[in-house]
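Sharing a structure here in structure tokens format.
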Amino acid sequence: MINDTIIAQDNDRFHATLKADYDALGEHLDRRGIDIAQIKAKVSNYGVAVPSWGVGTGGTRFARFPGSGEPRDIFDKLDDCGVIQQLTRATPSVSLHIPWDKAPASDLLAKAEEVGLTFDAMNSNTFQDQPDQPHSYKYGSLSHTDAATRQQAVDHNIECIELGGQLGSKALTIWVGDGSNFPGQTNFTRQFERYLDATKQVYNALPDDWTLLTEHKMYEPAFYSTVVQDWGTNLLIAQQTGDRAKCLVDLGHHAPNANVEMIVARLTQFGKLGGFHFNDSKYGDDDLDTGSIDPYRLFLVFNELVEAEVNPDFNPMHMLDQSHNVTDPIESLMVSAMEVQRAYAQALLVDRAALAGFQDDNDPLMATTTLKHGFRTDVEPILAMARCEARGAICPVTAYRASQYRAKVAQKRPAITGAGGGIV
Amino acid sequence: MINDTIIAQDNDRFHATLKADYDALGEHLDRRGIDIAQIKAKVSNYGVAVPSWGVGTGGTRFARFPGSGEPRDIFDKLDDCGVIQQLTRATPSVSLHIPWDKAPASDLLAKAEEVGLTFDAMNSNTFQDQPDQPHSYKYGSLSHTDAATRQQAVDHNIECIELGGQLGSKALTIWVGDGSNFPGQTNFTRQFERYLDATKQVYNALPDDWTLLTEHKMYEPAFYSTVVQDWGTNLLIAQQTGDRAKCLVDLGHHAPNANVEMIVARLTQFGKLGGFHFNDSKYGDDDLDTGSIDPYRLFLVFNELVEAEVNPDFNPMHMLDQSHNVTDPIESLMVSAMEVQRAYAQALLVDRAALAGFQDDNDPLMATTTLKHGFRTDVEPILAMARCEARGAICPVTAYRASQYRAKVAQKRPAITGAGGGIV
Amino acid sequence: MINDTIIAQDNDRFHATLKADYDALGEHLDRRGIDIAQIKAKVSNYGVAVPSWGVGTGGTRFARFPGSGEPRDIFDKLDDCGVIQQLTRATPSVSLHIPWDKAPASDLLAKAEEVGLTFDAMNSNTFQDQPDQPHSYKYGSLSHTDAATRQQAVDHNIECIELGGQLGSKALTIWVGDGSNFPGQTNFTRQFERYLDATKQVYNALPDDWTLLTEHKMYEPAFYSTVVQDWGTNLLIAQQTGDRAKCLVDLGHHAPNANVEMIVARLTQFGKLGGFHFNDSKYGDDDLDTGSIDPYRLFLVFNELVEAEVNPDFNPMHMLDQSHNVTDPIESLMVSAMEVQRAYAQALLVDRAALAGFQDDNDPLMATTTLKHGFRTDVEPILAMARCEARGAICPVTAYRASQYRAKVAQKRPAITGAGGGIV
Amino acid sequence: MINDTIIAQDNDRFHATLKADYDALGEHLDRRGIDIAQIKAKVSNYGVAVPSWGVGTGGTRFARFPGSGEPRDIFDKLDDCGVIQQLTRATPSVSLHIPWDKAPASDLLAKAEEVGLTFDAMNSNTFQDQPDQPHSYKYGSLSHTDAATRQQAVDHNIECIELGGQLGSKALTIWVGDGSNFPGQTNFTRQFERYLDATKQVYNALPDDWTLLTEHKMYEPAFYSTVVQDWGTNLLIAQQTGDRAKCLVDLGHHAPNANVEMIVARLTQFGKLGGFHFNDSKYGDDDLDTGSIDPYRLFLVFNELVEAEVNPDFNPMHMLDQSHNVTDPIESLMVSAMEVQRAYAQALLVDRAALAGFQDDNDPLMATTTLKHGFRTDVEPILAMARCEARGAICPVTAYRASQYRAKVAQKRPAITGAGGGIV
């Protein structure tokens, strides 16, 4: 963890400016009839989970260029996640990936408590082969043609649930790469029947207070067809499987030009929106930093979420899922968590009564202007003040750099060498 | 209609060649264990509906360049459709579009009998305003914010059902342009609730032996969101509405790179595939001639349909839906109907037992080679022989050109002048 | 024109708030080392041309839904454009489209002076047939296989230059729909040779102080190939034609996922960026309001333009080109002009020395944060103050609505009826 | 190498069938005025280079699932490539990748002679870091901000030329992953200036009879911008660098919906088409087997190449570049080489005089039908007879499986274990 003095010193540099900006924004919002304190309170209560795998440097199929001081194991990763939470106060939980993060539950719980974190959704892995694994996932996992391979995948998911149960997690996220690379390689229907059958077995092993999240993705690693290729198939899975089966939306897993915010609305309407993997993308599943490419799209997603908040049962899970290939992962995750908060705060500023009125009156220009009014407001002072009041950093990146955390952990975490193929 | 002598004369030019090609193909297929006569019989029984609007020259928002001898009304259109069927023997029915084709049922039935056609699905139009229409569809139809406008759209659909009932049609196809051009213009959820409510009213007016087909489309005419934007939403409509509500798949209405054959498989698996609008596209809803851009994709769709044929209740409707901007529409529709037949014939040649074996064995190379073996076979002799035996033309285009049909109808159908259609 | 009293009254409602917001922003920017007055001065000097055709309601190939009080001719259009400039002070010029706007030069000049406008680039039209035109553009214009048709297109462009010369215009913009709808329809190479030959003829007729702007577009109205399909072909045209031949970039004319700001940079680097058609798009050439879908992309384009401003010879032309299907076109054009200004102002706020430093140091996180710092600043007070000081409206939309301009012109401009435009 | 007896035995199974099919096709083509022997002769002379890296199993950033008997080094790879050539007689040369394939030239030449192969274009690698490499390519290579890193990349390319010179290669292919993952990370213009400067240095080291091929790619591994992102930038490179600098087109490196055959035509027209990387794709740079997803697109590319063959100086290089993740790479490369030949043979069948006539007459329906007539002809008998006559296999896949080559080499090539990250 970072010494509180360093944070305090860094905050001192920005505090007067922040206060001036915050007060000015408060007056501005007051003129718009908005109480800045209420917005700040909601932002303070908002958190997004960090993926344990996100604190390692990512790569592509062509190469991975390691950074210095990379985490060696889940305990190093939890240290890094703790720093993110310490500085941003926006990431109170971590999402584990099994078997990458497998460790005794007591050790995980102890470390999490030490760094001030809890455990979010568990993630299983049936898209890679592990050493000594009897059956290969080369041709699929939950939907494999071979029953023993499917069973192995089911058993692995149940193992994830069991570990998660000890850690206080309440959800299992399943993403599979099953699909095909050639027309004809698989029979679409029989493959999906097998997938559904196996997924129901996993669902049946779920504790009563858990949610099963299934994740769709258009392509990659399969390049002709993917068994859970879009939200339509994901919806069918949730419908066929059970009430606690819901859909996870990864922002980067859709077809070019898809209207993702509309998919969010549809799944919400039918009670099947289970959660998010936030990131950004320009071309494919680029796993770029959230809000770095199209911040307005992120805002439009949060516009749907704020719209749905009136329903007290609406409570999707929020996670980051990114690949940090050229930045310090801690910095990227901090900035991304703040971008998520920013979109949330901007969406909170939208005058929803006015918006509904313009919609009813078919006044598209004023309706869209109403949205934009929320979006174009610079809410940074709200986010920064919320962090500051929670003993985080006004500017997490400068505080982090001032702390020399990376250089310090690099001393005990050996450098990784070799070209290496990217795994994220 | 075209004089049978002209067809016979044209066929005489090709008959010897056809016989040689057909015999050679028969011998080749025999070596593959396939009885050419059985394939020919299935092709002979196959038909695809022609859209009445397809026989007029289409255009874009920039311009329409009329051809000569364009049909003036539905009766001219039925003449043209009759010629298509006469020459190809592949298009026994016509799909009407109301109000464009509105006429007394008795007149329509008489004309259809005269030209040897029956009536396929009825199509309603709530994406344009008609003269003297009380409520405008500028801001939507079945999902409009205004109840009276929705009712007008519902009533129009019921009117289509009533006319169709007199004509022997058994299905209503609903496609709406409802959506929005700006983020915020509509509330996605409330808009879809209104759509569902109105569509259920239409469904309730459906005779017991009718099917309701709803059609999804990613975009155009709405450019930010469309209320039935993809098969996921279309599936929800069919699920919410009733057993006889099914999804219509227009091949050109999907996101870039979408795997359409997989969507076909999913809808089939869950009993919700209602029918097709065949065409081809490179960029958007280009409405190009079927099979002209990506014939293998068309084959892969038919591969799913042949796969599903083992279920005797599986009987989706097949229609062409194209815009012929630079060709004689009769020629394009004839060639397109034959391309549909070609894909069907090629799919029939696939060795399905071998394919299933390769799929079970995870032998993607041989599985895809098995599909390709069907696709790369030149089945033209089968199609041509089927036409010839049914008194159609061996080469419909040359027979049509020999008949000078277009020049003859141009004498009584006045030329259309003016730029038309242009909007920038 | 709108009565200045109405504008003044509307401004009175907002003036105190604006002053407070402007002062607060000035203080904030001062803390960032930026002089708000300098930014405001640059914004005040910035203008974007309005397209004459933009003040009419647009449509799609399916339908056009007219608004009330639509302009009947170029003189009505200039009235509407005058209102846009009067209220926004951001649109000092109009881009004409011939033959739609054809009229005696003296009349056009008199009207323009009356409404306070000048003339920007001239636009020719060889994508539609006009009554009494000898040769049809159905199969192309500048690249048509027939020499007489090409000559007709060349002559029309020269006619546009001649009229523009009398109007004080300094540029001709050529956009053609030439291409094909079927593989094989055209020979790509011979078609492009014809295009180049004809375009050189037009170029040779250009006055010495004029620029020739050619515009690329991926597709529509041609749906398989387009002769000027992308910036690569557009660059070849500019290279082959002459020094004053440059490329026009319409933001909506690119492939899905294309990095448009990079294309802007490349054309700038090689001296071939001639100008812009601003708009926004989600799917294709949607011609939506500028900045309405992806405001960050617009900002990134302006980031390149501000970067290039250091070169005193860099002076691309800026035009809006949109289709207003569901809004009052005057309102959309006002808001869009302000969005262009907004992106420009945000780009001016970027700390370019810091940015260059982060780029040289390979610090992507801080580089992108530096850009975002400009983007997320709410510059509305700067734009509004600039308008106010130039006797425009603080809030052009409310002032426009208060003026009842549309209702007033509707009294003398007859309503347009009929479905229009519909092609399926 | 495979025992000729095995090939002969396998051929015996198919020979009678092949003869019957070939004779029937010959008669059919004779009726179309085409001499089958001439087509066969052209096919026999046609060859496509195999990439050395293609004989290893590929993977994605998520996983790589090794096959059995994977090549351990370039000598094993050359053995595998020799088998591909032995069975297909369509792949006479191999394209090396340095440093992966680095070895003494004399050893490479000896092995190549042993297996009956020559060396095609050399490929450099500056998208991965090698052990003991002083400067990292994490932030670029030829366009890196640091001069020493650029020099290292230049030197590596020169080293590739030197080795290639000893091997009889006549071309260097440069593909770099340089780009950025964040808006602002790089200055597009300065980055491209650095790229051009470094590439000119490589060009200057080129022997007089060599060609420099540069390869564009839309994205991956860089996910926001790529320095050589499309053919427009690639053309600029070739123009700026020199006469022997030309563009390489990888079929999978374009934007969604791009018309690749048109790009081929443009580069050909301006003398800058240098060569191809053949493969197929559905979503991104999927590196799927050539012709497996859209065989008509491949045909349309070959239609351009056959069109251009009339120019005796037109001689682009043809290479496969694929990633074989789920098949035996030898099988995939054999089938892919045959698909390339198939497209070439089909394109040779097109009646070019008739096509040109239909193009001049603006008869799109007959023009496209003329193309399709070539495409839909099943030319397999021509390809198989050409192979058979050259002592290859009539059916390379069955002969290969009969040979048990893979099982045999697996005995001496140890199994690769571990999950491993995919590098291709």
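By written order: A, B, C and D. Residues from 1 in each chain.
Just so we're on the same page, contacts are C-beta pairs under 8 Å (C-beta built on N, C-alpha and C of every residue); 3 or more make two chains touch, one makes a residue touch a chain.
Small disclaimer: the values here were computed from a predicted structure and weren't measured.
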Seminar exercise, completed: Of B-C and B-D, the pair joined by more C-beta contact pairs is B-C
Problem set entry | Label of the chain whose CA centroid is most distant from the centroid of chain A | B
Problem set entry | Matching chain pair for C-D (criterion: over half of the contact pairs shared, by residue number), options A-B, A-C or A-D | A-B
For this session: Measure off the straight-line distance from the CA centroid of chain A to the CA centroid of chain B, and report it in whole Å.
Result: 42
Seminar exercise, completed: For the pair chain B and chain D, the C-alpha centroid-to-centroid distance in angstrom is 39
Exercise. So which bits of chain A are touching at least two other chains?
Worked result: 138-139, 180-183, 185, 218-219, 224, 256-257, 259, 282-283, 289, 292-293, 296, 326-327, 362, 364-365, 368
Exercise. Chain contact graph: line, ring, star, complete or other?
Worked result: complete
Seminar exercise, completed: Interface with chain D, chain C side, in the complex: residues 138-139, 145, 180-190, 192-193, 218-219, 224-225, 229-233, 235-236, 254-259, 261-263, 265-266, 268-270, 296, 300, 303-304, 307, 355-356, 358-362, 364-365, 367-368, 370-371
Problem set entry | Of all residues in chain B, those that touch chain D in their complex | 17, 20-21, 24, 27-28, 31, 256-257, 259, 282-283, 289, 292-297, 326-328, 331-332, 335, 342, 362, 364-366, 368-369, 372, 375-378, 380, 397
Exercise. For chain B, which residues count as touching chain C in their complex?
Worked result: 51, 53, 58-65, 97, 127-131, 136-139, 177, 180-183, 185, 218-221, 223-224, 256, 281-284, 286-289, 292-293, 321, 323, 325-327, 417-419, 421-424
